[in-house]
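We call the chains A, B, C, D and E, going by the order they appear; numbering starts again at 1 in every chain.
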Amino acid sequence: MAIDPGVTLETDLELDRVVAGYGKMTILNETSFRVAKGAITTVIGPNGAGKSTVFKAIFGVLPVRGGTIRFAGRDITNWQPRDLLAAGICFVPQGRNIFPELTVRHNLELGGVTAPRGVDMAARLAAVMERFPVLRRKADVQASTLSGGEQKLLEIGRALLLEPKLLLIDEPSIGLSPLMVKEMFAVLLELRDRGVTILMVEQNAKSALEISDYGLVLELGRMRMQDKARTILEDPRVGQLFLGGGLVEAAG
Amino acid sequence: TAGSAAEPIKIADVIELSGTGATTGTNWRNAAAMAIDEINAKGGILGRQVQMTDYDTQTNPGVSRAQIQKALDGEPYVILGPIFSGSVKANMNLAQQAEIPQFVGAQAEELTHLGDDYLFRANLSQGAGMAKIANYIHDDIKAKSIAVVWVNNDFGKGGHDAILKQMASAGIKIAADISTESGQADFAADVVKAKSANPDAIFVYSNEEESARFLREAKKQGVAVPLVGETTLLGQKVIDLAGDAANGARGHVSLSPDAPIPAVQAFRDNFKKRYDNLPDHAAMQAYMAVYAIKAMTEKLGKVDSKALAAAFHGGTVTPAMEPNVLMDASWDKNGDVDRDSFLAEVVDGKQKIVAVLPRLAK
Amino acid sequence: MTPGVPKPVLEVRDLHKSFGGIGAVNGVSFEVHEGEILGIIGPNGSGKSTLFNCILGQLRPTAGQVTVDGQSVTGMRPCDLNRLGVSRTFQLLQVFPQLSVRENLLLAGQEHKGTMLSRLFGPRDAGLGGASDRMIEFFRLGPVADQKAGGLSYGQQKLLDAAMAFMGGPRLVLLDEPAGGVNLTMLANLRDRLKAINRERKSTFVVIEHNMEFVMALCTRILVLAEGRVIAMGDPETVRRDPDVIEAYLGH
Amino acid sequence: MTGLRRLLAIVLSLGAVAVLIAAPFDLKPYGVYILSLWAVTAIAVIGLNLMIGYAGQVSLAQGAFVGIGAYTTALLTTHGVPWIGALVASGGLSFAIGWLLGYPALRVQHHYLAFVTLAFNTLVGLIFRNEDWLTGGIGGISGIPRPSLLGWSTNPPRSFYLFCFAVLLLVALATWWLIRSPWGRAFVALRENPVRALSLGVDTRRYTLLAFALGSGLGGVAGALYAPLVQFIDPTPFGLGFSLNLLLMVIVGGSGFFLGPFVGTLVAVLLPEWLRFAQGYYLIIYAALVIILLAFCPTGLMGLFGRLTTALRPVPARPAAATLTETVP
Amino acid sequence: MGDLIHLITAGLATGAIYALVAIGFVLLWQTSQTINFAQGQFVMLPAFFVLAAMKQGGLPLWAAVLVGIAASVLLLGVGFKKLIVDPMRRHGVLPLVIATVALGLLLEESTKTLFSAQAEAFPALVPSTTFNVLGAPVSLQDLSIIGFAIVAVVALQLFLTRTTTGRCMQAAAQNPEVARILGIPVERMILLTFVINATLVAIASVLISPIYLAKFSNGGALGVAAFVAAIVGGFNQIRGAIVGGLLLGVVSNLAAAYISAQYRDAIPLILLILVILFRPRGLAGRAEERTV
């Protein structure tokens, strides 16, 4: 699963001096970066750096106070999620995001409510369940009874129903078994190969960067580094600060 | 409490304008207001305008006490209300301390036996009312046993206790003693109970809409024995609400807007014109009380609360003194009022007075 | 490996838990000896969290025995268990959102200090000021120490959750995916800290985790669950090479 | 609470205390009565706030506990027991019953719990009404004496007000201490995340029952003052409506704020009085105002106060973390 | 025996009324996680709209009923949602509960002041003919109420569980943030909830008032009874409303006849407490979700 730096990659998503925060606290302070089309870009950074905040800002969950966000040439700053979905952007937030009292199947179906008429939801649903068999097995139980990992799979599956152009996915590997992480990464790679742009946050950074084309270091709400994933992976200071330099030897 | 001829005479109306007592309280307030407007239009009392202020007790004794206190701070000439015995009990001693006469709609027996010589009734006590009912059941209906259906609240409980006392002394057996809730909607159980006790008559003592609902259910279950009531049951409101289910209901009416007295009927029509609903007995009490006060004050020739209270003890007002007192009424030393009252029966949707019962003291 | 201390700190005997007839834990037995760090791994939905919930009294096991220091604690209330020095973290974030980080920590420790009365009339911080400061210091929560916990980032909450588990100075700690969403560098510190505590206080850990690097580097022994059954148990290397484990969990 | 906010709060409350002590001396008896009513009600509301605002246990039965306290006091004092004795009995009884009423809270929460307590409130009301032999039934109990302590008779309205106010102050101080103690923290834990609290050794059962018992106990204390205030009691005032009204005072004041109950009660007791000029419309206007108030500050008046003071606070510093630019330790 | 049957049929009739009101509670809870303490008053009010339309507007009954429904959809549906629910929804259940308590007071007092403080007779849509069932008189009105309650429940149950819109409504209630992220029009879903509720109460009002009589103060008791019914039946299942309502009606009749008239109101409440303690989800309710 190597990345080919050669391919020509035009910008798909662009943040330009974006300012956002909670209450009076500013978290994103003029954050700017570009995300290449049809590539996987992984954002890393310490806990509390503002990674999720970036995603919330992009997806109109958190009001953007300054700067602009562009997608496929259009200014999408402070758009409503509904319109962003229509524009082909999907968002899988961090943590637990299900409808506890609905069945797994119904949870999944809700991922496709904004799909345009014609599309064959049933088929896509089947495809997703094919991909993650556990969802089929548990299709008719209350979603809240799923295990942590199963719930995450449910969310990931749900995001695939709309066949997005840009997928924002926040720490998808949390709670997934290594096997499932592999599976999930495989899915992402397939999507990329179909030209989908993927912006992902991962704390499980080493494995993530390995399948990524680009890496992006976020810190104190600022973009510190952006480069080929490989380069980031090999940068010693990044290794020390964010990739748990120590861990590697110890485990090695 | 006197004051120069210039300033108006203040009357405080401490009454149930919200809470469970709102309906009668509003009737009372409206009638009083109407009486006072009429009086002022005719030049007031002793040439002074009369000014009434309402104080809402929310049908809550604690609040009623606060409101009486507030009313007294305004130094009124007399106080009207409240109607609920609980509220009266909670606040009467304040009026007494301030030596301001208080005309209440409460019917609980004990109130006038607490040695408060500033408390006056605007209506027959339940004791007096039930005495007349007892005679009626005994003499006219000739019932040996009755079922008593009563609303378990301030108003109904007092009546219940009174009627049981009277029945005991009249030697009439209580076949069934059925307590109901105010605001109750479904009287199936109660009618079933009353029926299965097969009494010679059923005595119904409740609020207007509950009485109406009971009458309807009784009809639904085809109750045959006479349904006897005191005042409320025979009121026009109940008749309207119950429809033809009310026909045949009979009993005693302490005050009736349908009394065969021109003045009373004039009052009823004016009230209907002004408020677009029929006056109930509470309305009549208030109306008559205001005019009684006017009559008595003019007889005294001065506006003096203490003197007024004194004058009402053993005093009598008559239509001769003031046509709008509607009927002769006299108060004894306890402040209990006595008037003529009526036996009535509901005949095709109208209350028909069948007999006038003379005052006990005559 | 563990020093051969005779009596196990935690002993689970043939534990069963089923939901509406469907077994989540089907006869799990194991022992944990003083000073051990036992890792529990297994596919998503294999019953790890349920196992924890049964051990700790959050759920009533359908059948089976749990003993701590030889004393049966089956069906004992979590708070009483905790007072015996058994504490835990949850897989899904479990903090007190409206309380500040510091308050969260004080709360976590206070029931282990003094009596009901001293807690009413005694000092406000129940004499835990120092301890909480040290926790905040170690988990790098200083900058957000006085923020409401609900306003922390995912990783920060995860760390706070872990910190709380240690406030009462427990002898046995059960951690459900402590690494999820935690920055790798912080994770390295966490691992070292756990080892340190384990060495100094002779306290014992049971850790559910999907991050194999972390587990391998931390645990002295690993137990593998699948479909509610133990399919392998042993030292990290053996388990890592076990074909069943690779098949069911790690992937090739 | 930041330093600024605490300072403001303290200054305001001290000022308020001073005013409230001076108030009755230039008020008519009616005004004094309303103030006394405020003080008495505030005690019950403090108790309710302890349950709801801190421990997160919804109770629609506080009115019933005021009733239990009032009846206990009425019965005892009319039979010659000194008020202090009656107070202890009222508080104690309400505490005990509150403790029992807490048990359902161990099984159910939120609206379910609310309805258990609602049912309880109605049941108590029915007992007040139907058990004439004990409670005087609908007739109620009249002629309730006002206490006289060490020769000082509280019969005059002013004295009785000051007496109520003194009790209120004591209650307030005790509560203030309680909520800032680890107990207070444990109560909040019940509200915020009982599952986690339980796993941290917080005996949620004990604290839940305590919250109920303490809150209800304060209801009883309020009752012990209500009876001698009105000097007559019957079942009507202690119905569900009253409990809802007490809840309203908690929310309007700001649930979970120490000063909430004082403000909330003030609004609920005084506002209708101020509005009485509107004659028949005063309740309509009152209800409308409450709705508007909640629409603009759902967190209650203290919540609003909080928002205003935070507006004065400096912007919090952006949380820092290790940086690439700083040299690696 | 005849008595017993009669008590039961009569109880069922009253129970149906409770059920009709209870449906609203359950609906609001399931689709917006709100509790409306003014629901009783909501049912009381439309009757007066109808009366006004007949008296002032001089309309025939059927037209007046349409006017009533329209008015209630406007005021009790759209108005209620926009002016009261929206500002408070985010702040948990309690502020809204209190606001609705105040709203209940507002509606009662306004009705009393603007319409009438007295009970008013209300014209019946269905003739009040009664016929015998096993020797117990049953009126057409009773049947129409039971009928409508059942239809409403079945329809809503299907709508919520079988249609995407219905599920979107539930989703919007259970997790608004995520619903928004998935592009579910949360606001519109909630509005829909309240419009449905408003329509229901209006129809309920028209069906109930001929029996109950139209009175400003009817709401309180009715509301509480319906609440109890909803909880007993199961707060998270529409069908619970029917089960609870009918049970409640019968139980209180039997209690009044055979246990104690004075404590007739106590028996259903004791039932309520028992149900909550031993089957919190309610008799027809669904089990609550996984907590740990």
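FYI, a residue touches a chain if its C-beta (ideal position, glycine included) is under 8 Å from a C-beta of that chain, and two chains touch if they have at least 3 such contacts.
Values in this document were obtained by computation on a predicted structure and should not be read as measured data.
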Partner chains shared by chain B and chain C (touch criterion as defined above): D, E
Starting at chain A, fewest touch steps before arriving at chain B: 2
Winner on C-beta contact pairs when C-E is weighed against B-E: B-E
Maximum centroid distance from chain C, chain identifier (CA atoms): B
Chain located farthest away, centre of chain A as origin (C-alpha): B
Centroid spacing, where centroids are CA-atom means, of chain B and chain D in whole angstrom: 39
For chain A paired with chain D, centre-to-centre distance based on mean C-alpha positions, whole Å: 49
Inter-chain centre distance, chain A versus chain E - centres from mean C-alpha coordinates, in Å: 45
Residues of chain A whose C-beta touches two or more other chains: 46-48, 145, 240-241
Residues of chain D touching at least two other chains: 130, 195, 280, 283, 316, 319-322
Chain C: positions in contact with at least two other chains: 49, 58, 90, 140, 143-144, 185
List of chain C residues in touch with chain A within their complex: 19, 41-45, 49-50, 91-93, 140, 143-144, 151-156, 158-159, 177, 180-188, 191-192, 210-214, 216-217, 248-251
Contact footprint of chain E on chain C as seen in their complex: 49, 53, 58-59, 90
For the chain A and chain E complex, residues of the former touching the latter: 59, 61, 81-82, 85-86, 91, 93, 97-102, 106, 109-111, 113-114, 142, 144-145, 158
Residue numbers on chain A that touch chain C, as the complex places them: 22, 45-48, 52, 94-96, 134, 145-150, 153, 171, 174-182, 203-206, 240-248, 250-251
For the chain D and chain C complex, residues of the former touching the latter: 178, 180-183, 185-186, 188-189, 191-193, 195-206, 316-317, 319-322
